[in-house]
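Presented below is the structure to which this report refers.
We just call them A, B, C and D in the order they show up, numbering each chain from 1.
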Amino acid sequence: MEIQRTIKYDADRVKGFGREVMNVPGCEQLESCIQCGTCSGVCPLSIYMDYTPRQVMALTRGDFKNEVLKSHTIWLCASCYACTVECPREIRITDIMYELKQRAIHAGIYPKRFPIPVLAREFSAMVRKHGRITEMLLVMKLFLKTNPFAAMGNWRLGVDLLKTGRFSLATEKIKQHGDIARMLDATDAKKVT
Amino acid sequence: MNKEWKPRIVAFFCNWCTYTAADLAGVSRLKYAANIRVIRLMCSGRVDPQFILDALSKGADGVLIGGCHPGDCHYVEGNYKLLRRFQMLKRMLKDLGIEEQRVRLEWISAAEGEKVKRVVNEMVGQVQKLGPLGIPQKFEEWDKEMEHFATQVAEKDAACACACAERDKPALATA
Amino acid sequence: MKYSYFPGCSLKGLGRAYEESLLPVMKHLGVELQEIEDWNCCGATAYMAVDEAKACVLAARNLALAEQQGDRPIMAPCAACYLVLNKTKHYFHDYPAMKDTIDRALGAVGLRYSGNTPVRHPLDVLINDVGLEAIKQKVRKSLKGLKIATYYGCQLVRPYATFDNQYNPTTMDRLVETLGATVVRYPLKTKCCGGSLTGTVPEAGIRLVYILLNEARKRGADCLATACPLCQFNLDAYHAQVRAEYGPVLVPTVYFTQLMGLAFGLPERDLGLNRAAIPFKWRPTEAPPAKVAAAA
Amino acid sequence: MMKQQANGEIRIGFYICHCGHNIAAMVDCPDVAKYVEKLPGVALSRDYKYMCSDPGQELIQKDIREFKLNRVVVASCSPLLHEHTFRGATEAGGLNPFFFHMVNIREHDSWVHTDRKEATEKAKALARAAIERVAYHQALEVKRVPIHPDVLVVGGGIAGIHAAMTLANAGKKVFLVEREPSIGGHMAKFDKTFPTLDCAACILTPKMSAVGAHANITLWSYSEVTKVDGYVGNFTVTVKRKPRYVNEDLCTGCQECIANCVYKEPKFADEFNEGLGKRKPIYISFPQATPQVVLIDPEVCLNFKRGTLTDKCKKTCVEACGEKKAIDFKQMEEIKEIKVGTIIVATGFQTFDAKRIPQYGYGIYPNVYTSLEVERLVNASGPTGGEVMLRDGRHPKAIGIIHCVGSRDKKTNRWCSRVCCMYSLKLAHLLKEHTEAEIFNFYIDMRTPGKSYEEFYDKLLEEGVHFIRGRVGEVTDWAMTPEEEGKLVLRVEDTLAGFVRRIPVDMVVLATGLEPQADAQAVRRMFNMSCGSEGFFLERHPKLAPVNTFTDGIYLAGACQGPRDIPDTVAQAGAAAAEAMVLIDKGYMEQEPNTAYVLQEECSGCKSCIPLCPYTAITFDEVKEKASINEALCKGCGTCVASCPSGSIAQRLFEDDEVFSEIKGVLAYE
């Protein structure tokens, strides 16, 4: 039997983390959370989460940065916004989940070979390059980068899609694809200041 | 204008709604800009346009009036009476070249402490942007100009006076 | 009625059938769609997870292009695009910082966004601009006898949709009823289909797909009607995995536009019905000959 | 300036109060005192810890005598709080109380600002304004208005009943007006009352019949107040009495007519039973209804539907009534006008409409009930005789009670309705008693503040009722597992266990919150009261004047002022009655002498002021061709003053000189 301590010491907090998140546009309302659990109650994926959405709110507000960013919860969020529209305190939980995902990606802490961050990164890389998404390429890349066996398993699906012409091998591009890169850089430039 | 300049705003609050709301803001420890000076009246209907003009001419950079919401006046319809007066006054102020953000009318019920905070902060912000109205100083300038004219006129009169005297002489002589 | 048309990546790929059926139907109703010249990916949910500001900037480019190419409302058929474009519009108005970022980024490529152009979904347009009466007029082959579970999915009505009730939307119900079909009570109409999780965390995604299909079957629906390419994809393409996990649940999922096409009697090959993995075999019966005679 | 000289040498005493740290923490009181000391007319200037304390007030009196002060200014809290106190002190010191003026540097300064320097400057400016102003103050006489001894109580719930009884027992004449056919309000619908579980009817009905029988109470049920004129001590109230088509004085409540109605079976939704039961066109709300008088519903009574002229209906009810001749199909709506001196508003609350939260399925799933419906369901005199039977005839094996429906929710009502936790516990107990079902309570926070309330919670825990801390996400009928088939499923996070659960039940009870009556705004206007942001009537002071309104002579009782349970309601009703009696027994009410008056010599007789006065206090003297104001009628708003083109109307306490000098004062400070 393997045991580990679950107690949290004040040193485990990253003081100011909660405040930081609450200062992000769309996340302000977190302050007024009453921990009623409505978010978890309506969340279709809460049944798989290591921390329920409610707990993520509590942890975030309580400055438990590492716990939050390590949790599967933020990656399991399918952004269906059920929690956001049901929350009796009008907390935009989905937007908070986005914010936490971003922080996780930037901090590079997320479950290893957990495909979602990879998808997100590949997705953005492709957008930057071509301006549009060619699902075929995206999916291929994604599976090859994560676990090839899944790719094999899903191969039938790929074939199906090709047969029904829903997966084109041609790359979707926009004319001014240089623009995208330029805009995104401009965005960063702004953010530095 | 030096950075230290802070707008001075005179407020006329009705006893039943807005003044009470301001009390509520206090009891709830809401925080707002300190540039506002509240004068309590029984009803916004008591606000005489002269009060507003007087405040501006005595150096206020803005005037805020708070009354009960339409239909809620403690005295049935004092706030409507004010509204009519106020609209006329606004036109006049425009002609005088006084920016309209400087004079503001708000309906704030006894329960709206939050609104007091919001309105005061907004208004202070706006007036801060507009800068000082400085009518007293303007008065001084105008007075100077007037003196100047007065002296000029006086000289003219003097000059003309002797001129006339010259012209009239012969006539006098003939008489 | 003119609209700037923003297809989004999916309608060129997985959701091809959606565009294929949408365009003729809209044309048939006299709704003019002007595809936004050189549109780019809306940013979608995945990009939101990387960088909100960038996601909004991406979306804003499309909004700006649309404004540049004509003062028309934007029509975004993909629920995800619809949400992201609207979200960007909201952020543009609600958060000065975001506005600056967007202005800055667009400025870098000589574009400008005013923040006024409305972003609308085909359902919104059909119900509120075209109107059910006009649609009724166009029905040639009534869908009488077809039992439909209307499935709105999540992002179509949450959180920004203003044209329908977030908790119990009814626009699609009213629409298909106008086409003559019957709507089965389907309490899952706004539940999540798993989105991209079907690919990334199959055990979770597939389960959601199963629940949606199975409940539709239990309530005696012949098909699910959807208004989102990802929903359609998830409910249709993963039947193999669903079968493997829970046994076969072969309820076809069609786009509401395909149903309209059928009801309007448009040529089937134009409606992309062949693209579904779970084939939708049901067909309306020909209009009674008497009518035809009258028409002739 | 004239007047100021006329007032002779001005000797002002200025006092600034620290109010402990409330003011001193943000305002440099000694500094302000020092500043004021140098102002013209100021004879002495002090700062003191608590001016409102006895020593503080004595200080003022002492100084008035020793330093020959003839004006007093106190800078402390809001005049709405202590102006009265300090006027008293000024008077006790031998001056006319209106030679006093108050400066609000707490609510309007120290409590709302964060920069000590700015707050102190503001205090100086406000103090200076008062100094400038007070010099113009005149000696004034307080006006006394007589108080009419009769009282109007609006609303016949437990609050109105208790207030009316208290006053009547003290020998006051009371008019009790109730909108429904019977008094009793919500309480009459309840089965038991928490935490003692004594039956509501047993404790309420004796009071109800006492009201009906009391010689000092005029009970007008099925009536509504439509108009209120006048002012404290002298209100004129118009009451509309709706026709019940039965003569109240002749009906003995024998109910023969009901038994003999042409409708053999009751078939119309019964309001009192929340539509769970049925009644006939001629009916009585409930067995103990007060007054014991039946009424006819013209919407469904054949005699009305088929038209009174073509006599198609057999009128079996009339036959049954026989000699009493109580039934009167020709009865008309009656308009009554009464004079009262004080009014107690006890119009109560309405329960939240559960349909506004579609996720909980009320109106979609027949076995989802509101708490009020369940009150009737478990009530022995209810539609099922106390048998808990679902709409589909089954008996529930599992029941879920959802708390906070329409409470603590920014999308519906933000406030906590205060009674739901306790009544949910009560219903849980009663349902358990009646059904032996497994019962789940879903709560966000369990709120049981009150005498032996927590003990009641303990009792429920011991009874084996489940308590799950979590707000239910949705109530649905789609099954994941075999045991969920055909049940209502609640999806909820068990927040204390930390995971999500799906719980199948047969019956869902929605603990709907309390909210203001739909017509609260209209009522508010009629009685010239204010409403809080959530729509309940606003008390004059949350702590020190909880039953007073901003209109003198009008008091609040019960849930119309905010959600509260029966004990609190009764206590408050008593308080309101006491407040009314204070005025009645005193016999008069002192009023601010802030009335307007015409400066005869200056009035040009343009008449423009006359239509402005909402109290018709201004008349035109045709002989002198000048306006004149009846100060008995004037309420002192000052609208006419501000509007007089020739500036020939003035208002006491708010003379132009006084306001102008105040303006000068607030701006003079550099």
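The rule is short, and it goes like this: a residue touches a chain if its C-beta (ideal position, glycine included) is under 8 Å from a C-beta of that chain, and two chains touch if they have at least 3 such contacts.
For clarity, every value in this text was computed on a predicted model and none was experimentally measured.
For the criterion of most C-beta pairs in contact, the winning chain pair is A-C. Work out the mean CA point of chain C and of chain D, and you get 50 Å between them.
Centre-to-centre separation of chain B and chain C, using mean CA positions: 58 Å.
Work out the mean CA point of chain B and of chain D, and you get 39 Å between them. Those residues of chain D in touch with two or more other chains are numbered 359. Here the touching chains pair up as A-C, A-D, B-D, C-D.
Within the complex formed with chain B, the residues of chain D that make contact are 78-80, 104, 106-109, 111-115, 118-119, 121-122, 125-126, 129, 525, 528, 530-533, 538, 550-551, 594, 612, 614, 635-639, 641-643, 651, 654, 656, 659-660, 662-664, 666-667.
Those residues of chain B that touch chain D in the complex are listed here as 6, 8, 10, 15-17, 19-20, 22-23, 25-27, 29-32, 34-35, 37-43, 45-51, 54-55, 58-60, 71-72, 74-78, 81-82, 85, 109-112, 117. Contact residues of chain C toward chain D in the complex are 165, 167-168, 187-188, 211, 215, 218.
Of all the residues in chain C, the ones that touch chain A in their complex are 9-10, 12-17, 38-41, 43-54, 57-58, 61, 83, 91, 94-95, 97-98, 100-101, 104-109, 153-155, 158-159, 166-167, 190-192, 194-197, 199-204, 208, 233, 237-238, 240-241, 274-277. On chain D, the positions that touch chain C within their shared complex are 358-359, 476-478, 480.
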